[in-house]
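Below is one structure, written out as structure tokens, with a few remarks after it.
Each chain carries a letter (A, B, C, D, E and F) given by its place in the written order, and its residues are counted from 1.
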Amino acid sequence: MYSVTVRDNMMIAHSLRGDVFGPAQRLHGATYVVEVTLFRADLDADGIVADIGRATALLGDILAPYAYRNLDELAEFAGRNTTTEILARAIFEHYAEGVRAGRLDGDTGRAIESLAVTLRENPDAWACYEGAVRG
Amino acid sequence: MYSVTVRDNMMIAHSLRGDVFGPAQRLHGATYVVEVTLFRADLDADGIVADIGRATALLGDILAPYAYRNLDELAEFAGRNTTTEILARAIFEHYAEGVRAGRLDGDTGRAIESLAVTLRENPDAWACYEGAVRG
Amino acid sequence: MYSVTVRDNMMIAHSLRGDVFGPAQRLHGATYVVEVTLFRADLDADGIVADIGRATALLGDILAPYAYRNLDELAEFAGRNTTTEILARAIFEHYAEGVRAGRLDGDTGRAIESLAVTLRENPDAWACYEGAVRG
Amino acid sequence: MYSVTVRDNMMIAHSLRGDVFGPAQRLHGATYVVEVTLFRADLDADGIVADIGRATALLGDILAPYAYRNLDELAEFAGRNTTTEILARAIFEHYAEGVRAGRLDGDTGRAIESLAVTLRENPDAWACYEGAVRG
Amino acid sequence: MYSVTVRDNMMIAHSLRGDVFGPAQRLHGATYVVEVTLFRADLDADGIVADIGRATALLGDILAPYAYRNLDELAEFAGRNTTTEILARAIFEHYAEGVRAGRLDGDTGRAIESLAVTLRENPDAWACYEGAVRG
Amino acid sequence: MYSVTVRDNMMIAHSLRGDVFGPAQRLHGATYVVEVTLFRADLDADGIVADIGRATALLGDILAPYAYRNLDELAEFAGRNTTTEILARAIFEHYAEGVRAGRLDGDTGRAIESLAVTLRENPDAWACYEGAVRG
């Protein structure tokens, strides 16, 4: 199995509801370093998993609505905690949708089998969601 | 599949028996940077894999008996080499036991399916053990 | 010249006033990885610049009032932008005060000549303030 | 499952054919940080996945013909793009052949089940090929 | 003294003349991770050393003519070795010129006292040039 | 001012005497990542601070007597604590002696003005000694 990973980051504010979060129930923030890994069994005719330029641009487009935002105010997350795990899943869903929509070009869109999205919140903690691009 | 990783480190002395180890047969030491990854299929009601505070505390409790020790003198490893691989497995077993015992709280204890324990011994070498929490 | 550096991190929310900040004028946040370097010309009788345990504890105490907070609401920064540079300076002033007050123990307090405080806000940007412990 | 990873790097020149590569169609270069992960189900009698010294030496031998070279001039890659993915696969094939040939010693050669080869080309992009050692 | 650092990278080919370079006399390449640190004694009215967006854009503009190029073919370096040290100095000169020309805005241009330019060529080697912005 | 840095690492055991060291009074160990920075005002005729191959070899020769050793048993450190600071100074002295003795070649030996030696003991703590090559 081949994979390619692209990386970007975003700086956001948010708060978390639930006693389990202790001081993180207060409004605070994070720099999330975001890595998206694209998996496929074989390479295309150019010898790549995906065009790294397009793969990076798709990630940038997905992060743009979150960047420099208070996630508590975004309709997308209304009524939900924006934990690192839930953000990883949200970015995964947007990225998978972009892949299916041909954002990486048509052939790549069909060949990518699964994605892993990792969000690093500080040097000692990170979360990941990995799943298939097609249900 | 979701995962969360927490990280800590320990500084230990040890020696290794066997010609294969060359100069590492002498008493020497290591800073081990230890990463524990917890895997589960779905998130809990709070939107997390596990309480990161508890997950980190469990790791700290497991590393405490090794920290600032000569592993050659620990009963746990009597008659065995404390290679990076064997230490990864030992920390895995202690962590899995902690998960089963409800150290991450009862619901999380039941939901965590597997663990991966990585020990980085220097910038150019590391080892990992990954396995199911329940036989 | 000798130096020792200790590292910690904090996750905060804030906003910045001024056109120069563009989208960072909105409420957002950051994980700040904070490094404090202590400089002195000679070592103490134990062969150290400072007790690393105390040096780390002092940093933790200084970051505690900021951790998991919206810096816009802190009296300390009323009427000022909490840029990375200003935060580096604020942590420097608190740390220098701690050193002068003997928090690292009396002898070390007298020997530390200067401090450098670095705040890393993302993988591609960081700021530093370096100055003397005594005017 | 156990694994051990060893790391090395190489500095090469190359160019890539195909419109998808944009400016990378020009002759340029890269520092590739190369990580090889060896997987096996159980440890050997010494408590290791493989002799880390031999595992590192094998990687060094494989990278030597590429180091400080223009890959466009190597017969091995004639008529093919030396993308990060294709280089990861080439290093995988050479390493798997070395494992099968007993380069890590006979017992280890038989026990290693699969390999993952990761090439990091810059802080924001890397590629990996993972596969079985035996068809 | 305050400082701010911004980071970018470039992937280039080149060769080096002189027996001292051994195999690096052959055409090869590198990923250079480039860090530029801007020093000034006091902050501006916004509480910053420089607009990090402009500081990053200036670095990007300076690296653009080198990116995905064979440095052996650039007129700028005709008759000179493009060692890491010489590249650090070249980027320093271009950046200092940009600062003096007001690329970071007029006030910042006058306040920046010195720059340090670091080029990391692999995990185990890097070079730096530090100097005053004004002769 | 120009500088070049080379990096290596060593894995050692040791213990520290003095109440200030708490649990580190017990026999334990560390992976020390060692960085040596060489400073000089101008480059040589080849456009370098020093031959990076020789600079790395000199560091390797200096670390060899410590590697995979219990520093408590080395005559060099008899009666002294092998704190990170003292090790940084010891490596500095050996490296400066090597520079003065022409190990980097004669011209470089005369041109290197100062050295900085950094030892990283874990992700959150490191020490440095910087000084002139000639008294």
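The rule we apply is simple: a residue touches a chain if its C-beta (ideal position, glycine included) is under 8 Å from a C-beta of that chain, and two chains touch if they have at least 3 such contacts.
Predicted model, so just to flag it, every value in this text is computed and none were measured.
Asker: Give the fewest steps needed to get from chain B to chain F, where each step moves from one chain to a chain it touches.
Answerer: Minimum number of steps from chain B to chain F: 1.
Asker: Rounded to the nearest 5 degrees, what angle rotates chain C onto chain E on CA?
Answerer: Value: 120 degrees, nearest 5.
Asker: Look at both sides of the chain C and chain F contact and report whether the same residue positions are involved, with over half shared, or different ones.
Answerer: Counting shared over all numbers used gives less than one half: different.
Asker: Check B-F, C-E or A-C against A-D and flag the pair whose interface repeats it, over half of the contact pairs matching by residue number.
Answerer: Over half of the A-D contact pairs recur in C-E.
Asker: Between chain D and chain F, what is the separation of their C-alpha centroids in Å?
Answerer: Going by mean C-alpha positions, chain D sits 32 Å from chain F.
Asker: Report the inter-centroid distance (CA atoms only) between chain C and chain D in whole Å.
Answerer: The answer is 42 Å.
Asker: Quick one: which residues in chain F touch 2 or more of the other chains?
Answerer: Within chain F, the residues that touch at least two other chains are 123-124.
Asker: Spell out the residues on chain A that touch chain D in their complex, using ranges where they run on.
Answerer: 1-8, 43, 46-49, 51-53, 56
Asker: Within their complex, state which residues of chain C touch chain E.
Answerer: 16, 18, 20-22, 80-81, 83-86, 88-89, 123-131
Asker: Report the residues of chain E in contact with chain D in the complex, numbered from low to high.
Answerer: 9, 11-14, 23-24, 26-31, 33, 67-70, 121-124
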